Amino acid sequence: MTFNTQGRIFRFTSWGESHGPAIGCVVDGTPPGIALAEPDIQRWLDRRRPGQSRHVTQRREPDTVEILSGTFEGHTTGTPVSLLIRNQDARSKDYGEIRDRFRPGHADFTYLRKYGRRDYRGGGRASARETACRVAAGAIARKVLGRRVRIRGAMVQMGEHAVDRSKWDWKAVEKNPFWCPDADAAEAWTDYLDTVRSAGSSVGAVIEVVASGVRAGLGAPVYGKLDSDLAAAMMGINAVKGVEIGAGFGAAVLTGEENADEMRMRGGKPVFLSNNAGGILGGISTGQDIVLRFAVKPTSSILAPRRTVTVDGRDTEISTRGRHDPCVGIRAVPVGEAMMACVLADHLLHHRAQCG
Amino acid sequence: MTFNTQGRIFRFTSWGESHGPAIGCVVDGTPPGIALAEPDIQRWLDRRRPGQSRHVTQRREPDTVEILSGTFEGHTTGTPVSLLIRNQDARSKDYGEIRDRFRPGHADFTYLRKYGRRDYRGGGRASARETACRVAAGAIARKVLGRRVRIRGAMVQMGEHAVDRSKWDWKAVEKNPFWCPDADAAEAWTDYLDTVRSAGSSVGAVIEVVASGVRAGLGAPVYGKLDSDLAAAMMGINAVKGVEIGAGFGAAVLTGEENADEMRMRGGKPVFLSNNAGGILGGISTGQDIVLRFAVKPTSSILAPRRTVTVDGRDTEISTRGRHDPCVGIRAVPVGEAMMACVLADHLLHHRAQCG
Amino acid sequence: MTFNTQGRIFRFTSWGESHGPAIGCVVDGTPPGIALAEPDIQRWLDRRRPGQSRHVTQRREPDTVEILSGTFEGHTTGTPVSLLIRNQDARSKDYGEIRDRFRPGHADFTYLRKYGRRDYRGGGRASARETACRVAAGAIARKVLGRRVRIRGAMVQMGEHAVDRSKWDWKAVEKNPFWCPDADAAEAWTDYLDTVRSAGSSVGAVIEVVASGVRAGLGAPVYGKLDSDLAAAMMGINAVKGVEIGAGFGAAVLTGEENADEMRMRGGKPVFLSNNAGGILGGISTGQDIVLRFAVKPTSSILAPRRTVTVDGRDTEISTRGRHDPCVGIRAVPVGEAMMACVLADHLLHHRAQCG
Amino acid sequence: MTFNTQGRIFRFTSWGESHGPAIGCVVDGTPPGIALAEPDIQRWLDRRRPGQSRHVTQRREPDTVEILSGTFEGHTTGTPVSLLIRNQDARSKDYGEIRDRFRPGHADFTYLRKYGRRDYRGGGRASARETACRVAAGAIARKVLGRRVRIRGAMVQMGEHAVDRSKWDWKAVEKNPFWCPDADAAEAWTDYLDTVRSAGSSVGAVIEVVASGVRAGLGAPVYGKLDSDLAAAMMGINAVKGVEIGAGFGAAVLTGEENADEMRMRGGKPVFLSNNAGGILGGISTGQDIVLRFAVKPTSSILAPRRTVTVDGRDTEISTRGRHDPCVGIRAVPVGEAMMACVLADHLLHHRAQCG
């Protein structure tokens, strides 16, 4: 079973709770000889780190990564890379009230039902903190994929406010706190999210992740489809409730003529004239950009009191004070990129195994 | 690697191409002592079988299943159950034209890029025929889950035409060829699909699958999340381009107050007052109905000529004659149910392993 | 879980009981483009087939293999290869007496304890018949490994009678019914085994399998050691009770000076001056011959009456009439070769995945 | 792939090199609610710790384990348990000479061939230090198995000197530095090993591990046989070259009458009258003691100069000074016990999954 493990050949196993001493992961299957040092991972962790703008949780975590194994003289050796990130700002005193009450929309109830006990000091394994491990593993996956592959994420919708795709500018993404590719939308979102935050509320989002430079042929026809693995990877990110590839749910309203991407020879090479497929046909990459989107639900930790029950079966209410995200989707952008990188690296190695 | 295998403990490995002598699968991990004979599987295969109405492919396949192992005196023994379904109506002469041209929207191009060769007589492993194996495995999974768990699928949107959810009637589903839960919509769809079909076109669809009676506690917090596995299972069905759980993409436009399902004690038991979570919180089942939807793209095999290229690099056109589905989503309904059953059975056994 | 599956990337799943309609396996992960037709597999099955001399079971099984998928125009396509072998000579009437009594040394008791039921008509999955699937999968594995790798097995001990290693001749192996590399020993064994057989008794054996031409670098340092996987593969063959690599148990009585294989440069290449390691150091192949041995217990199905108990708890006796092997080790030779081939093919593909 | 992971449901992934900052492992699949704190693990680590007698390496490692995740209020939560053990006495200066020369009998050569680079400061992943992780994981496995199951190991042969089985006394095992069950043999071994050590030589050993109280029914018929998994687990321990179950290689010289364990009813229960099977029939536990032995080669790090070659292809010699074990088999005893515990715990959980 691989219940805390992601991937097959390039694979990582994560561990740790938000209120323990540390979190971390073990990345296995990395090819030897790849230049890898802590800054290669830290730069990606820094993008995900909380507390960087007023729009995300104010929990202060430096998220400093230590490499404990698997490298020698600045290169991977082919043995497992163990990564450690210490928890610093746990402040478990904040969480006293949630000890006995199930927070609506949280995993408190299901954890207790499954395991019969739970670490009531925070989200445990369900904490978004675990996603730091994904970002760290993703940093190594990017190294495995090489420079030719570029993976970028963007928030394309916050609440009801979608970007204008005609204004898409990848450069804009790095210039606003929302990873928004539409500079105008980003500005509007700033006010919008301030309102949401001051109301103690929260709002959902849609994230798009695009991988360019992926060679054709990655994936497998049936139960190891590239899109199937991507769907699992994205749906496994905290708070994600939907995933779509290429035209996605929009494909349902297309006709066959509209949907199927036609082909033509260009400069001696076959090219597709559109990309409704999102770069994947029959579970295998086409060589076009791989394009997916996922929906993130609004954080359930909100100020407004909500009806719930106690662990011992009484009706009550709860309102979550503390350092939470008005739009948890923001921090999901680097996580989605990382998961894309991990899935692609795994398929790259598997393709090499079977097809040379 | 598990590239033709679905599941961990309750798992099946499928094999076979549309134009070979047979297809089949090996179902492993089945608990011993379950009453199982061929009719238990055949009844579900019959629901998926092509040629049952003018709205689906007219390929004539009886899809008769044979159990070759794993049962004794009408019960499972705990050893692998091998299922065989012979191909009958392969008619490879129909497929001559596609030998040298990539069909847009099909896996022809990606298969050739990956493997360097392909069975040009049909879709090979990418054929929807493979889904018969999933339905067969799903029939056994239903037995593993027991009678308390009920899994039902319905088509909720055909092209642009969605059902009216206020008219939802599960009984209607079995009474029209579309598995449509809204009898009025079904009637309208009949004319609509006739038009699509006579135009040689095709159209997409959205399918909803609901599992009732699933106990709380199935799933796992991180990379073996129940929703993650369901997303992979549904995205792995042919032509599926999107998957969502509960409120799904709709959750992106909700606030935290609207989205998080509140709780109250009812008859001494905690109940949820809504089900935006789709029955899953933190990757673990809540005990509510598990509700998911997936989007199916329109069949790419259409009569209208489409631009494409040949295997040896010349621009050309193709129009697919033959026995194809104007709305391949129809036959995806029993497949989605089956995949839901397989994932739940697998998680049920795993939960029993870890938590007793 | 992989309880009926062998391997990771090159992997096969077997199914079937000795008294069902057929047995078979699904071989997954095969690289595309390998020339493969039924005779390529049949030739290896024919070597294992029962009834070829008076020294093995007289059960008459042609063991004719059918390829049901995964090849096209005489080559593998990269999709799963499904192999089917029909049972012909089941004669379940022979097995009436064993319905209610546990045969000492057989799996009857443990199957019933595990599953609560069992197919009492024969050995079920524990039947040596299952090993035909291993030989069939092994035939494909040999193709994956290519001609440079040569895998040969020999019986080096029958009962107390070991071969004289100074007389080792691989050509002799194919010329006697025991796969014995020492022609003189083979002659002596003929009389010996006739005596054992006429007495209704049985005797154990030791088999040696050698793989030549295996490149250095296959394997992994810790839990996927090449020797670890080989040990599992051999111990998983019916009736095997011990496995050793290189000097094996003999290494226990050596000193460090005697055991460690020294190295010298020869023709510009490093060579080992001995092979106590059996071609594996630290779980990774050295490039020398991979040498292992396994011990096969005597068949438990013997004529002499043995004390046992009935399913419903009464003391009784049993003597097994029927068509059994006086030295089941004989038929284990091709099976050991096949398992060696499967493990090496799997590691070859994995090495290519990680190290290019 | 599971190249640094052991097990299926109860599984652990180890990481770390002998000369890095730490080693550790992540134990996944542990049932929730098991009392677990650091001393529960430390007591087993202390038994394996080097430097406890003059007969083992004098490397000083306190091997203090830290639990970083997976427990709360002294009990397992069902989430992954991350264990960390810091390296203290790395002294890499000792290892300068081995930078450029392959040590005969070590994995230096194969690592370099596989990965193209290696951590020349020590054994890397091949270091016996890694086995501390196994012992730690084994401590948790023992908790999973419960008190009814008792796993004990003993050294039954050192070099050519075997114990006298008629003098077997489990109490003696804890009273001598060799885990020897024969007090007289232990005394003789003391002098013997002093001689070996002063000569700068080393010697092999045979270890026996016995598990009592294991219920019948654990295991699986074909590729997940309990004996197959045990063989892999033991062969995966550093320096192990052979594994046998029950009568093992001795079964080769037995007749069917001698080998098959007869049965009788005793106090209303079926019992076996002998245990040549070593507690496993058809890959499934019988309820008798599970008995296995494994052979450990002599340490290759010896004082006597040995012929070898340099990394850049010149003939040379090497003699290993430093803190090595004259009989590395001694420290393998707790490791063998731990691996037995891990395999049994994994099968216990899997049995519960499939058979309830």
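Should a chain be cited, it is by its letter among A, B, C and D, assigned in written order, with residues numbered from 1 in that chain.
Here is the rule we use: a contact is a pair of C-beta atoms (placed from the backbone, for glycine too) under 8 Å apart; a residue touches a chain by one contact, two chains touch by 3 or more.
Predicted model only: the values in this text are computed from it and were never measured.
Q: Using only Cα atoms to place each chain's centre, name the chain farthest from subunit A.
A: Farthest by centroid: C.
Q: Using Cα averages as centroids, what's the distance between subunit A and subunit B in whole Å?
A: Here subunit A and subunit B have centroids separated by 26 Å.
Q: Find the geometric centre of each of subunit A and subunit D from their Cα atoms only, then give the gap between the two centres in Å, rounded to an integer.
A: Distance between chain centres, rounded to whole Å: 39 Å.
Q: Taking each chain's centre as its mean C-alpha position, how far apart are subunit C and subunit D in Å?
A: It comes to 26 Å between the two C-alpha centres.
Q: Listing for subunit A: what residues touch at least two other chains?
A: In subunit A, 1, 3-5, 8-9, 14, 29, 32, 78-79, 114-116, 124-125, 221, 350, 353, 355 touch at least two other chains.
Q: For the protein chains shown, what form does their contact graph take: line, ring, star, complete or other?
A: Complete.
Q: Which residues of subunit D touch subunit C in their complex?
A: Against subunit C, subunit D makes touches at 1-6, 8-9, 14, 102-107, 109-111, 113-116, 123-126, 130, 157, 159-160, 196, 201-206, 216-225, 227-236, 241-265, 268, 270, 273, 276-278, 280-287, 295-302, 304, 306-309, 313-315, 329, 350-351, 353, 355.
Q: Taking the complex as given, what residues does subunit D use to touch subunit A?
A: It comes out as residues 1, 3-5, 8-9, 11, 13-17, 20-24, 26, 28-29, 32-33, 66, 68-70, 72-73, 75, 77-82, 84, 114-119, 124-125.
Q: In their shared complex, at which residues does subunit B touch subunit D?
A: 1, 9, 29-32, 78-79, 221, 349-350, 352-356
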